[in-house]
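You will see chain A twice below: alongside chain B first, and alongside chain C after that.
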Partner chain A sequence: MKKLQPYLYLTPSFIVVICLILVPIAYALFISFIDLTQNVNKLSDSELWNFVGLENYVEILTGSVFWSTLARTLYITFVSVGLELLIGLSIALILNEQFVGRGFVRGIMLIPWAFPTIVNAVLWRWFYDPNHGMVNGVLAKMGFINEGEYINFLGSAFSALNAIIIADVWKNTAIVALLLLAALQSIPGSLYEAAQIDGASSWKRFVNITFPLLAPAILVTLVLRTMEAFKIFDLIYIMTGGGPAGGTQVMSFLTYQQTMMFGKYSYGAAIAFLMSLFVLLFAFLYIKLLYRDLE
Partner chain B sequence: MKKIFSTLLLSSVLILSACQSGGSEGESSSSDGPVTLKVLSSDDFADFRTGVIDEFEKQNPDIKIDLESVAYDQLHDKEIAAFNSGSSGGYDVVDVDEIWTAEYAEGAFIRDVSDMLTDDMKSGILESGMNITKYNDKYYGLPMFNDVLFFYYNEDLLKQAGFDAPPATWDEFVEMSTVLQDQGLVDGNASNWGFSANEGLVCYFTQFLGSHGGQYMDEQGNIVFNNEQGQQALQFMVDMMGKHGVVDTSAVSANDRQILDSFKEGKTAFVSGWSFYWGELNSDDSPVKDKIKVALTPGANGTESSTATGSMYLGISQQSEHPEEAWKFIEFLASKDIQKQQSTEAGSLPIWSDLYTDADLTSSNPQFENMGKQLEYTLSRPSLVNYNEFSKTLQNELQAALIGDKSPKEALDAAAAKAEELKQQ
Partner chain C sequence: MRKKRMKKFFLYIGVLMVLVFTLLPIYLLFIATITPSGELNASTTHFLPSEITLENYKNLFAGEANSGGAPPFFLALRNSLIISLSTTALAIAIGMFASYAYARFRFKGRSQLLMSVLGLRMVPEIVLLIPLYVIFARAGLIDNVATLIIIYTIFNLPFVIWLLQGFFGSVSKEMEESALMDGATHPMFLFRFIVPLSAPGLIATAIFVFLISWDEFMFATIFTSTYDAKTLTVAISEFSQKGMVDFGLQITAGFLGSIPPIILALILQRYIISGLSEGSVKG
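Then we have the complex of A and B:
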């Protein structure tokens, strides 16, 4: 009885996890193996289930759309997470120093992150507007472009991708900085003192003390942000709708499009599963890389 | 510590059971009292519809209307999600665009209402209107208005530039736009169009395709929109922004709702859009109130005019538990009185043929005469069960041509190949 008790306490959360996570996942996996289009009501009639095995997966993996979408998604993921980590770490290091008004700056820094993504997306779409947008205005005032020769940032595939990355970095750098700052503050000052007495330069102190002790926090941040960036949807939906000419179509948008717009539920479920595999792969790689350094 | 855990466990069990009982209570009570109909409507006519709900509820005290409105671009996906969510999450009455009929009827998402149509409706409502609700000889709802892409122009600006009449051909359109721009009467380009990747782009392409003498399918049902006229139409769309420089290049990232703003502020001289534009343009806060006229869409290749149709209708979802009450509401909105009121207040074209000669309406809505003329020159988007997939492909291909990645011929050939493939399915 004593041994059973902890499990008993955990039962409610197990039930919640099973109902809300495991069952839907199994259900989606099932859908990805049948041929379900247009009408989900087919699901209530088992005679209409047409098992196609891995056909959906084969169709996806042999088509060109999936691979070009994956390449685009990976580009957004790596560039935006890379920039966020770089800028976020710099901000965290600066904010870890003592200076007047530090609390105020820390508060200000979080504002972009506090915006809902939808607001962020609409805001940036306005910023990029070729006629009334702030970005063009600033560039023109600074003399980089001529008045009237405004650039349509969302008008070509490559620039739209980068425009989306900037909007994403603007919002999410704050959370990266916040997580890293929290980790920085937990590093005992005595370590730095000891190193200083031993004559270590500030760069040496960063490489040998700050970075190793920060690694777990960096790992967590990287995993979190990579997964989120890989699943990027709202920014794209609002800012470009996947355009121009499908140039900003990313994985979650493709899933949404196939499922909700075209009614290809099985095909969409299969893409979603392939997406999860990639996310798992990222998590696995990061853990391998960073924990190895720690041991 | 033990106490805390057991309290937590107990409370979580309590919360779970409370949720369940709450749900079942809500369901059982709805069958007795007044029936609440959930209605999903597109934004464009939501204001008007909200306005007349009170009247309907007064006439039918046992029915309550819960109207929800979303932007047109989200409407289809929201409906598909609702249709598949089981009875509790669904809507009773849904707003359906003409191009979704095949998909919704084929998927059995909306109800066949052929038996509910009265003789009055069959003879009184314009045939073109009823046709949008028809699939395999069955009717799936009642049209709410007759809509096409109208060509609006700012008469004031044109007069200042010395033009007495709107452009009759696309060449004249380019000429006038250039003059308006050279004289600085417009802010930047003379017009803006909504060429971003959504349904509006397909409608605009349809307008250019039709007015250049092209069509989607010939009489034998062959796909022909990639022929010479189609290529000319798309080439013209490209040139308007590039070679001629009369259309704002931001068109590729604007939709058919966003371009209304600059026209409403008097910054552009032409805009092509739906009938609800009229109400917006003539609202009390509109800077261009009473300065706007409707002309026939210009033509080319000897075609006088043509434009895209885009009417919508209300249907009853399959999952509705109150189809009779839902039909009452649809009938009410389609009734002559409400249609007349809708035309006066929102400027939409009525569905009843005799309202076009109604003295009250023609005197209060002088634009009806010109709008009625445009109804004779239309081209519809192709009706395919997998319409959305075709549409998305066409949107991407059109955009590829508009931003210069592909030639019009390459783009249209690719879209035609997709249409061919979907037709086979």
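Then we have the complex of A and C:
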């Protein structure tokens, strides 16, 4: 009886996980092996059993859309996360110093984190607007562009990708900064005092003390943010809808478009599985890193 | 001495830049909500409105279901509140027991199960989107607040279990032994000792779940079709009249919709920051 007790506590969550996560994942795998391309409401049961094997996967992997979408998603992911780490680390280093109102500023950093992504998307789409957007207005006031020759930032693929990255970086840098700040604050001050007595310069102290002790936190933040950024959806949906001409198409949006807009459920399910292979790779890294911390 | 003063000077410049970077977009958002719509469309820089107007707020609050006008803000707000609060309660209620098992018992398969909890947290939501849509659509359960509550609970459960087992595990072992020696049963111990002692962790976890649910858009937009179930994020995305986005209304709804999570984060920041250092991040 005593041996069974922990399992008793686990039962409610087991039921939820098995019925609502594992069964649906298996069902999604099944869907990816059939040819489900119609309105799911009108579909009769027998039609569901039309096995096509790996056909959906072959179609995806031999087409060019998947690969260009993957490349674009990886570009957004790596540039976003890279900038977030760079700016986030700088902010964390500033906030780690002593100054008046430090607690207040740290609280302020929670605002972008709590700010809904969808509102962020609406806000930045407005900033980029070619007719009444702030970005054009400010550039014109500063003399970089002429009044009336406004740029349509979301109108060409490359600038739209970078515009989306900036919106993503603004919202997520704050949380990166807070995580790194928490790690910075756990570095004992005595280490710096000892280094100062030995006459180490502040750059030397950063390279030899701060950075190595911060490295685990940087790695975990990096992997977590990478996984999240790879799944980017809301910003694309609101800001560009995957356009212009598919120029900002990313993995999540491609899956959404194929299934919910074109009704190609099986094709979409196969894309979703291929996409999760990449996320699993990041997840594997993360678990490895955390496991090391646990032991 | 001079060098020290120079350093302080640059530090405050840095702090000022951090503040501007963080707050400027939010400030511009607020200003847009009180700027007359004609002015928003006429110029490109909006740092200060020439006159303050509350027309956006008035029009927003006047929105009704099926009126053909603005989406009904209050219905969407109600749905978002019901869904986020119910998800938070449900995910914590279910997750709490599992976390207790992981934190206080050593049993066969514990570490493997715990790792798979973390693995489940990493599964991209979109993998679940298609099967869940097919299942719920065939069962006629689309456009239902309860459906979204169930889906959000699923997403948050692995995350909740992972976080709470960490918080529960940090309650001292000696306390457990002496409580159990005094005849307390495990459920009594969980509710009388673990829960009160891990209150900060529970609060942090609850805020994370609430914010994730409040923020969610992809499932909300796919699984709803009317204002019986549409959430605030869906409403904000839909502020269009005659094919044109009514930007003033959209931005005002967005601003109001951002207030609850921001206030929550600011009031409970002490818990969030300690919760974040436990190595978890909101998606």
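The definition used in the following text is that the second predicted complex is superposed on the first by the 273 of 295 C-alpha atoms of A that agree within 3 Å, B and C clash if a C-alpha of one lies under 4 Å from a C-alpha of the other, contacts with A are read in each partner's own complex, and residues count from 1 in each chain.
Convention: a contact is a pair of C-beta atoms (placed from the backbone, for glycine too) under 8 Å apart; a residue touches a chain by one contact, two chains touch by 3 or more.
This structure is a prediction, so every number in the text was calculated from the model and none was measured.
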| item | value |
| --- | --- |
| Partner chain(s) touched by A:L154 [first = chain B, second = chain C, both, neither] | first |
| Partner chain(s) touched by A:N136 [first = chain B, second = chain C, both, neither] | second |
| First (chain B), second (chain C), both or neither touched by A:P12 | both |
| Touching partner for A:P244 - first (chain B), second (chain C), both, neither | first |
| Partner chain in contact with A:N50 - chain B first, chain C second, else both or neither | neither |
| Partner touching more residues of chain A, whether chain B or chain C | C |
| Partner chain(s) touched by A:N208 [first = chain B, second = chain C, both, neither] | neither |
| Touched partner set for A:F262, first chain B, second chain C, both or neither | first |
| Partner chain(s) touched by A:S252 [first = chain B, second = chain C, both, neither] | second |
| Chain B versus chain C as contact partner of A:M109, first or second or both or neither | second |
| Common ground on chain A, meaning residues reached by chain C in one complex and by chain B in the other | 9, 11-12, 40-41, 131, 260 |
| Residues of chain B touching chain A in the complex | 5-6, 8-9, 12-13, 16, 73, 76-77, 80-81, 83-84, 103, 106-109, 188, 196-198, 248-250, 252-253, 262, 385-386, 388-389, 392, 395-397, 399-400, 402-403, 405 |
| Residues of chain C that touch chain A when the two form their complex | 8, 11-12, 14-15, 18-19, 21-23, 25-26, 28-29, 32, 40-46, 94-95, 97-98, 100-101, 105, 107, 110, 113, 115, 118-120, 122-135, 137-138, 150, 153-154, 157-158, 161, 186, 211, 214-215, 217-218, 221-222, 232-233, 236-237, 247, 250-251, 254-255, 257-258, 261-262, 264-266, 269, 272-273, 276-277, 279, 281-283 |
| Chain A to chain B touching residues, read off their complex | 8-9, 11-12, 38-41, 129-131, 152, 154-157, 240-246, 257, 260-263 |
| Chain A residues touching chain C - in the complex, by the definition given at the top | 3, 5-7, 9-14, 16-17, 20-21, 24-25, 27-28, 31, 36, 40-41, 43, 91, 94-95, 97, 99, 101, 105-120, 122-124, 126-127, 131-134, 136-138, 140-141, 150, 170, 173-175, 178-179, 182-183, 186, 220-221, 224-225, 227-228, 231, 233-234, 237-238, 252, 255-256, 259-260, 265, 268-269, 272-273, 275-276, 279-280, 282-283, 286-287, 290-291, 293 |
